[in-house]
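Here come two complexes built around chain A, the first alongside chain B, the second alongside chain C.
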Partner chain A sequence: MNSRHFIRQFSQTTTNLKTGYSTVLPVHHLVKVEKAKLKPCYSEVVIPSDDIRSNKFKPTEIDQDRVQDHYYNTLESDLLLKFYEHDSKTIPGLKKREWGTDSPFKVFRKGKRKPKGSAIETQDIIPINYQNIPKLNSIVINSYNKNALERPWMNICTRLQLATITNKKPKILYNKSNILPWKVRRGKECGAKVELFDREMNQFITTLTEIVLPRLRAFEGIKLTSGDTNGNITFGLNADDILLFPEIENFQELYPNLNGMDITFKTSARTDQQAKTLLSSYGFPFYKPVKNSG
Partner chain B sequence: MFSKSTILNTNNTFKVLVRYKRTKGSGEVNAATQKIVNQLSVLSASRKQPKLLNLCNEDLIKHKTIMNAWNLFKSKKNLKREEQLRKQYESMKNAMEDLKNTNKHLYKLANSKPNKKEVDLFPIEMRIPTDYPPTIPWIYSYKPRK
Partner chain C sequence: MNKHLSNGILRKYSQSTTNNIPKISSTLILSRLPVITTELSKFEKLFYKYQEELWRRLMWTFPKWFYFNQGTLAELRYKQLNKGSMSYDPKILYPRGIPDLKQGRDRRFRQYIKAPKPYKEIDELSQEQIKEIEEQKLKNNGEELINKDDLTRKIIPNQRVTKADLNKDDKSLERRLERTLYLIIKVNDSWILPTFENEKNSTSLHELAESGLYKIGGDKINYYNVSRIPCHVKESNNNKEYFIKSHILSGIYEPQDKKNDYKWLTKEELKTYLPNFNEIEHLFSEV
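Up next is the complex of A and B:
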């Protein structure tokens, strides 16, 4: 049933999503020999990337990071106060169960049974103390472009769009399965994604909260119902909203094929509740979606 | 593989393949294609990396000394911050323990858990500080939104 297929190679063990027609795996091309360790003339390559002599060196701490400073100076202690509960204990999360041995049909079942009352496992909720105050780990920007399935050049536009917004080279997304009515073919390019850390992440937060989101007319905020129950919050922006990013706003004719994107905040909070409180402290608005009756 | 003109027989119809003037690799592309090519060249890494710094030994030692000092400064600052948080946590814990022993009712109020679906949000007016003060520095008649 599992459509993913694993090709065991010496060089990699990850899932291979690209389609190919070679049945014999050319292992000798794929095994990377670290020549630097063999030959003295490659000694330059051994230099770590954060060393100034390395050709990969990129200066990072070139200015004040005011978002990080704000978190350390104000938010951290506020959050500690907000989340403190006296005499609280670890609440165990929902975990996968054993099948049991009461029936012969259960003996050869693959994997474990799903947790009771939930389709997915949840984390243990550990009480907050001064060492595990929730913080933002990273932001993932994911842009699925279904138009790129028929016209592959459209994906270049999406990649460029993400690269200009985030100042980072995006990774290409590939389809994982074959779904005929959607023209989804395994191994086809279908968008791009970027993961932002540290300074780039903080820069992106200020761009969102100070320039983009306040100017969106229809934007009420992030839905209070969003979240994956493990402390990661997602919201989406349309193609029209992306025009408001300052990098794109003044060069609109260069970006004719913009694509909407999903922005996921990965936090170290154990619950969505805490993650939302954390995000609101950075200035993200939240709203309660009204349920449609009838 | 084929000579200048070849005749193929497929399904009883004769198709004559003739070589014409080459149009594909002539280097001229239409404007729309050129736009995409430009976009792709922006994404590629070639010729975008600045030149490698060639530091002399003395400069390298200077740089390393400065970076060591900076890292030491940062780690001290972090330790101080963590110590401050620990103290805050200890004092909160002590205060609550004290309250628990003196007044059960007040302790219950102070330690009440929020509803599981209610989210405690920071006010939207709170902003990340900038170098210059905001146009409205303080809202005196502040009322939280509902």
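Up next is the complex of A and C:
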């Protein structure tokens, strides 16, 4: 108890025994300051990476982007007209509910009740106007390599394959859980993924729609059932299909261990239907899978 | 009083059924989308070139060891074409700065790789070979002989300016490839966008536009209707003119009545032809 009296606090100018307090709010010890960066010799480090003076600067507008031009010149206005509905209103999504007060147990219950008819909240569907025309935000290429679980060097092949196709350094995927029958162990490398934006994304779309997909004999299109209900569409290519990418096609003997990949189109559309219309306007075909009866 | 009023209203309704049925017509904005990219201005070209050079400096060094195995013929051919840069000597003064050499590449600058080509550029040919090519050109009406089945031939892009541009052919779909073209037709000595009146009580506006288009332009048109919803409405007196947007994908417009003239024009050119251009200016694309 005695030692406490002698602890000097930020709000106090003298020892704890005396009266009096500071009127200035003690904010300074809540903000983390990296003093090294404030030194004049580190001024280059503080420059943001999109500034041309920064040593991390990477130019993004390097050439004319015809896919983007096509979107802004033609698709954008067409999609606005296509999705326009007279007198349409926002369709509210499922939201979390209050517990209510009809039982004493509910009164002080923490958190909110899950939405009716669903385990998770869903988005509001807003009518399309000139401000929220669906747009392709990014493409994620994900390649899960189960062979890499036993032979870790095989993941190098997967990373190389993605890097050659997309011209971007892939991120390594790691297992999250232990499932022993599948030899899945937490923290093991199991594939790679890349997220493409802007020019790189548009370049990849061109490669897919003009070179790779037209030459796939068995390819009918993306399944109409694809989609995560929030406007993101996924389809897969297997290892044989990847041979058709022009970067790999001429050097097939250098890539003996190709791996299939999942391609996800992240769009700003709020429904799958809108996202599929957007993708089909970029030249991706869709087909209705036939159900196997009996 | 009440009876009087209701009678008045009734009369109004009865009037509308006899005289005031709005005349509905559907106007087609049939466009041909740009085929090639837009021509860049000089400033844009310089900007992109500058940015691209900055970007190329960040490029990874070409992994020669990966693509060419040591001791192979391919590696030998690669080495003959690509001579490695000088080694760094601390005794020499470098006016452009000390080279940052890694794997035979100066990492301060972009790396140029020469790949073996199955054809020769003009500066690589001997004078006799150039003479031969020119003689062939003269025999072939000034055009170079190109074997189109040869997959290893040099890729030469087509001209941005087509024959239709040179001949100033307004009726060709191959003119002004970098711009959107719109169809206009001549009716009673005035140029209009094709308009079709609802004579047979068609079920929908876009079907009315479609049947009308086939009627005046023949059925060799493959077109895409953007939406069933009209993009504009023009109301005058008792007429309602709905504008339906669609794109021609392939085929040709052949006027069924030879007297009917037609043109494919860009937005700027439409200005001189359409009398009501100012009202519908916003419907046409700038590009």
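In the analysis below, the second predicted complex is superposed on the first by the 230 of 294 C-alpha atoms of A that agree within 3 Å, B and C clash if a C-alpha of one lies under 4 Å from a C-alpha of the other, contacts with A are read in each partner's own complex, and residues count from 1 in each chain.
The rule we apply is simple: a residue touches a chain if its C-beta (ideal position, glycine included) is under 8 Å from a C-beta of that chain, and two chains touch if they have at least 3 such contacts.
Because the structure is predicted, anything quoted here is derived from the model rather than measured.
K.L.:
Is A:282 in contact with chain B, with chain C, with both, or with neither (first, second, both, neither)?
P.N.:
first
K.L.:
Where does A:115 make contact in the superposed view: on chain B (first), on chain C (second), on both, or on neither?
P.N.:
neither
K.L.:
Which of the two partners, first being chain B and second being chain C, lies in contact with A:260: first, second, both, or neither?
P.N.:
So A:260 meets neither chain B nor chain C here.
K.L.:
Using the touch criterion from the header, give the chain among chain B and chain C with more contacted residues in chain A.
P.N.:
Residues of chain A touched, chain B against chain C: more for B.
K.L.:
State whether A:130 touches chain B only (first), chain C only (second), both chains, or neither.
P.N.:
It touches chain B, and chain C stays clear.
K.L.:
I'd like to know which partner A:236 touches here: chain B for first, chain C for second, both or neither.
P.N.:
neither
K.L.:
So, A:62: does it touch chain B (first), chain C (second), both, or neither?
P.N.:
The answer is second: A:62 touches chain C but not chain B.
K.L.:
Touching A:273, do we find chain B (first), chain C (second), both, or neither?
P.N.:
First partner only.
K.L.:
If you stack the two complexes on chain A, which partner ends up touching A:84: first (chain B), second (chain C), both, or neither?
P.N.:
Once the two structures are laid over each other on A, A:84 reaches both partners.
K.L.:
Who does A:93 touch here: chain B (first), chain C (second), both, or neither?
P.N.:
neither
K.L.:
Between chain B and chain C, which residues of chain A are contacted by each of them?
P.N.:
Shared contact residues on chain A: 57, 61, 66, 69, 77-78, 81-82, 84-86.
K.L.:
Give every residue of chain C touching chain A within the complex, in rising order.
P.N.:
So the residues of chain C in touch with chain A come to 33-34, 37-38, 40, 44, 47-48, 51-52, 54-55, 58, 66-67, 180, 226-227, 229, 231, 245, 285-287.
K.L.:
Which residues, counting only chain A, touch chain B once they are in their complex?
P.N.:
52-53, 55, 57, 61, 66-67, 69-70, 72, 76-78, 80-82, 84-87, 129-131, 133, 153, 156-157, 159-160, 163, 169, 206, 209-210, 224, 273, 276-277, 280-283, 285-286
K.L.:
Spell out the residues on chain B that touch chain A in their complex, using ranges where they run on.
P.N.:
Per the stated touch rule, the residues are 36, 39-40, 42-43, 45, 49, 52-53, 55, 60, 63, 70, 81-82, 84-86, 88-89, 92-93, 96-97, 100, 107, 110-111, 113-114, 116, 118-122, 124, 126-130.
K.L.:
Which positions of chain A touch chain C when the two form their complex?
P.N.:
57-59, 61-64, 66, 69, 73-74, 77-78, 81-82, 84-86, 251, 254
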